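Presented sequentially are two complexes of chain A, the first with chain B as partner and the second with chain C.
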Partner chain A sequence: MKPHNAEKTCWNCPAALFKGNVDFRACGQSQEEIKAKLGEEGQIMIECARRPELGYFEPTITFEQCTEWEKGEYGYQLKDMRVMILGMDGYLGWALALKLAKLGFRVSGIDNYTRRDTVMEKGAHTIVPIEKMTDRLHAAQDVLGLHINFRRMDIRERDKLGPFLEEEKPEAIVHYGEIPSAPYSMVDVDHALAVQDNNTLGTLGLLWLIKDIVPETSLIKLGTMGEYGAPLTGRPLFEGMFPSDAILKWRGKEWSLGGEITPRDPVSFYHVSKVQDTFNVYEACKYWWLRSYDIQQGVIYGVHTDETAADPRLRTRFDIDEWFGTVVNRFVAQAIMGIPLSIYGAGEQIKGFIALEDAMECMVRLIVSPPEPGQYDVVNQVSGLYKLNDAAETIASVANEKYNLDTKIQRVSNPRVETEIHPFETVSRKLPNEFKFKQRVSLEKEIDRIFKLLTQPHIKKRIAEKAHTILPKTHWTGEKKDADIIETYKPGSKTYGEYQGILDLE
Partner chain B sequence: MVKEITTKSFKNEVIESSVPVLIECWASWCLPCKQIDPALNLLAETYKDRCKILKINIDRNPVISRDYKVQGLPAFLLFVNGKEVDRKTGSQTDEQLQKLIEQALSESGKEGSSDSSKKEEDIIKDRLRDLGYM
Partner chain C sequence: MADKKRIILVGIDGAPFTLLRDFIASGVMPNLQKLESQGTLSRMAAPLPDNSAVSWSSIMTGKNPGEHGIFGFTDIIPNTYTMHFPNFLSIQAETFWQREPDKKYVIINLPFTYPVQTINGYMVSGFVSPNMEKSVYPEQFLDYLKKNDYQIDADTRKIYQSKQMFLNSLFQVHKNRVQVYRTIWDEVDWDVFMIVFTGTDRLGHYFQDVLEKKESEYYDSYLEYYRKIDEEIGWITDQKNDNDILMMMSDHGMERITAEVHLNTYLEQNGFLDLSKSERINYNNITNTTKAFVLEPARIHLNYASQYPNGKVTKEDREPIIRDLTDLFQDLSYPDSNETIIAEVVRKEEIYSGDQMEHAPDLLLVSHKGFSLRGTLGKREIFSQSDTIKGMHRGDDAFLYVHGSNAASAVPENPKTEDILPIVNTMKGE
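And then the complex of A and B:
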């Protein structure tokens, strides 16, 4: 079977020089004469930044045919492809930097250490210890022989980021440089403003820099499944846009909704920032022929990638506090501490999930298969759906059966404003079909890996030091108080609603 | 899969076609264009030898876009005997596309249908009517 990107052509390649050779407004808005360089039979002609010896040619060379693209583990890979990671010091950013560098990509990155600062503001710390960035980079060199070019900066410092983009000329940019916490954005007005300033304005500024400096790069931008909300009608959560056979019926008339961006129903000011990003990125693609994959990622969990597990100094961070700890990661820490796993409200909320290792695999597949100029596309990056009640039961049973713990489950009053009982149908067809992603890690397997790491004595001690930061105190009302305990029970002792969500991967 | 044509093959595939042709003008940046593929595949299977369903990328074939004054995407151009007889712009439901093809088939069955091809003015009027402006 051919790799997923074998048939992609120069139209997808960041080395293809379209600018000046193609008038992208040939359709529609412009009625001007075509300025594009055309061949004798009216075909578009371009140049290649990597292969100037080709002169002007028709951009129909496939990745499979091109000598600059070589076959690798994740499909054809552009030789020494330059990738810049924004937010490289974070949970995902660091893991991806190592993975890409190991695969032969030329990796650069920036971070302003917001995550370290905000976790410290909560009075917490990453319970898997991580080194300072300088030491992380040295360890990457020592242990894996990898060179990564890092600069400390904020994405909003355009006077610094611009020159760095000029210097690196990234052929793909992974944008993880956002504050990823719903509760953090709901603390008070200052936090809400900080999140939207960093996320929305940071991304908007970035788009202008890309337009001016590296318009041929692809922006792989992290969104969240939380942008969609959970519509009570049970309408499927499509991948960003409606399919063509979705129909709007009104007053006896019918219209196709095909291609229109689906409604978003964010559930915090953080989620709103991601929705705003979606529209800003989409518009930038439309106005300036930028290209982007907007990744609606499910709730992430886990500790393992081959590279981060290679040495303790290469580990990625792992947060468990109420602001930054994702639910599965938090539950495992609670189980180890003997704290009942805390479910917010009814616990019938259904969410899409993905393990760290699988998410990284998806990212590589997206990076090596860039969109075409002007193409904005959305992928739902989810490998399983779980009800919070069921996730808690699974984690409790691993804890009790395999690790001999006495884990209980506890329902607490919901600090959030969200629907607690709802239908949930998610479409996630693009990654498995177009990008040939196959899930590698089951929830049970990754939970086991988390337990193995977190039960090590020095890490257990670090959890104990910060266990008081796990339970929610940040309420959507703006109040700061402990959540009320509704009930505490043993796993397996309760009957939950029978409804299970639907994950459409076909 | 719906066949993708180019400027080079346009004459042979569209102008000289012995059966009516429905051609979708698309571009990678057009969100509705990306979504319509399953519907077009289905139509291609349904109509097989009676009506050809084709696609052309407008960014890659600017001459066609200029010659046929394509001003919005997706644009569905319908050709009978080598002449454009109708077009729809914007996303269409399966039913709307099917209706378009059925009309073409009945047109092509008439005597001297090549003379009855619509003028550009009529096409614009039809579009305005569709949109409820007339």
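And then the complex of A and C:
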């Protein structure tokens, strides 16, 4: 079977220089202007940044045919492809940097260490110890022989980021440089403003830089499944845009909704920032023919990638506090500490999930298969749907059966304003079909890996030191108080609601 | 400075030897007439195919296409069916200014030098130069050119609106070019000066028919254009120092078109070429039953399994297919007059040598007078007439002029384009 991106062509390749060769303004506006731009043979001609000796040519070379693309583990891979990771010091950024560098990508990255600072602001720390960036880079070199070009900067410092983009000329930009916490954005007005300033305005500024400096790059930007909310009708959560056969019916008339952005229903000012990004990126693709994949990622969990597990100095961070700890990661830490797994509200919330290792593979597959100029596309990056109650049950049973713990589950009053009982159907067809992603890591497998790492004495000690930061205190009302405990029970002792998540992969 | 042996190369794109002789005889080109007696004017053979990209590449490198790797304005990117327009960076041999980088050069309007590269001196690329910014070195020179409304080429799209409008543009472009090259002639202390006049090629392509129609309103314009070229020959002759070496050349000749012959259609009709159906046909439509296809103007490539995505032709198949194709092309005749069309079917190994041979077409065709061989895809009929294109290249009717009493001994009996650099060296006394 051919790799997923074998038939992609120059239209998808960041080395293809369309700017200056193709007048996109003409498209859809003036047929005459397009004809005038086309050569005698009626073909659009481009140049290649990597193969200038080809002169002008039709953008019809497939990745399979092109000598700049070589077969790799995750499809054809552009030789020494330059990828810049914004937010490289984070949970995902560091793991991806190592993975890409290991695969032969030329990796650069920036970070302003906001995550380290905000976790410290909470009085917490990453319970898997991580090195400072300088030492991480040394370790990457020493252990894996990898060179990564890192600069400390904020994405909003355009006077620094611009020159760095000029220097690196990245062929893909992975944007992990946002503050990824709903509770953090709900602490108070300053936190809400900080999140939207960093996320929304930072990304808007980035789009202008891309337009001016690297218009051929593909922006692979992290969104969140949380943008969609959980519609009570059970309407499927499509991948960003309605499919062509989605119909709006009203007063006896019908319209196709195909290609329109689906409704968003964010559940915090952080989620709102992601929704605002969606529109800003979408518009930039429309106005300037930039290209982007918006990754609506499910709740991420896990500790393992081959590269981060290669040496303790290469580990990625692992947060468990109420602001930055994601639910599965937090549950495992609670189980190890003997704290009941804390579920907010009814616990009937159904969410999409994906393990760290799988998420990283998805990202590589997306990086090597860029969108076409002007293409804004959305993928729902999830590998499983779980009800929070069920996730807690699974983790508790692994804890109790495999690690001889006596884990309980407790429901606490929900600090958030969200739908607690709802149907949930998610479409996630693109990654498995177009990009040939297959889930490698089951929830059980990754939970086991987390347990193995977190039960190591030095890490267990670090959990104990910060266990008080796990339970929620940040309420959407603006109050800072402990959540009320509604009930505590043994796993397997309860019957849950009837809604089950439906994951549409076909 | 007077002792310095400078080199002056003047190109006149598409100027036929035969026509220059006529113009000398009829007094259209008095300055050339004067020079004729002071040097050697010869008929020169262009390489095959007789196209400006190939020919100027041979002139600037002194190499045959098997060495410099340029076989036309278009080619197919290896391992694909994607057509591309090679450029200066595609040339696989050193040019004269790359061989002697310490000399000071002024090179204006030399075709196939886009995108311009760093040079010790000044350079303005000739056609095809899609972007003026990438055609001028040094960068500061661009402002001067822009102020003088310098254009690399006349806008050929104008011909479809009005022949007169196009002619006006052709004269204007020439005038502005003259102003620029004359100015820089004095301002730079150069060792090698090369200027190429390319309007002559455009004139030929669009107006070659008028030479046989003296009553045509454009006949005088045709002659006038060559008078303008002759004025520059006179100016350069006046400016040159006694020690300077002066050579003039064209890259191919020109003759009137009787008919355009679409070779791919001929191959399709005879089962050698199969194209899948689609709205827009290009080489990606070639199917795996195709044995051969044609690139402009008359380059025949076999659809090798080792070179093309849908190729099935093996090394063993080559000889029989080539024999079949040779017979097939020799049978091609023009229905209106029963004239045979193909004068010669040439195998690449007969005319090329060098390490770029693997990229060369397997066969090249030379037509009888007036038949313009084309590689256009998707034509229904083999023959067509163009309302606009009236002239076609003639490979064996280029010219070479070498000034000086010692020129006769430096020029071989039947000079070819790749002989020009060796002749320069002989004239320099090297």
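In this section, the second predicted complex is superposed on the first by the 497 of 506 C-alpha atoms of A that agree within 3 Å, B and C clash if a C-alpha of one lies under 4 Å from a C-alpha of the other, contacts with A are read in each partner's own complex, and residues count from 1 in each chain.
The definition used in the following text is that a residue touches a chain if its C-beta (ideal position, glycine included) is under 8 Å from a C-beta of that chain, and two chains touch if they have at least 3 such contacts.
Bear in mind the structure is a predicted one, so any value in this text is a computation, not a measurement.
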{"item": "Chain B versus chain C as contact partner of A:M45, first or second or both or neither", "value": "second"}
{"item": "Which superposed partner A:E73 touches (first chain B, second chain C, both, neither)", "value": "neither"}
{"item": "Comparing the two partners chain B and chain C, which touches a greater set of residues in chain A", "value": "B"}
{"item": "Chain B versus chain C as contact partner of A:D117, first or second or both or neither", "value": "neither"}
{"item": "Contacts of A:I61 with chain B and chain C, given as first, second, both or neither", "value": "second"}
{"item": "Which of chain B and chain C A:E53 touches, first, second, both or neither", "value": "second"}
{"item": "Which superposed partner A:G20 touches (first chain B, second chain C, both, neither)", "value": "second"}
{"item": "Interface residues of chain A shared between complexes with chain B and chain C", "value": "36, 41-43"}
{"item": "In the complex with chain A, residue positions of chain B that touch it", "value": "6-8, 25, 27-36, 38-39, 58-66, 69-73, 90-96"}
{"item": "Chain A - residues contacting chain B, complex", "value": "11, 22-24, 26-29, 31, 33-34, 36, 38, 41-44, 59, 241-245, 247, 254-261, 285-286, 289, 371-377"}
{"item": "Residues of chain A touching chain C in the complex", "value": "20-21, 36, 41-43, 45, 52-58, 60-62, 65-67"}
{"item": "Complex contacts: residues of chain C adjacent to chain A", "value": "77-87, 89-90, 115, 130-131, 157, 280, 282, 284, 309"}
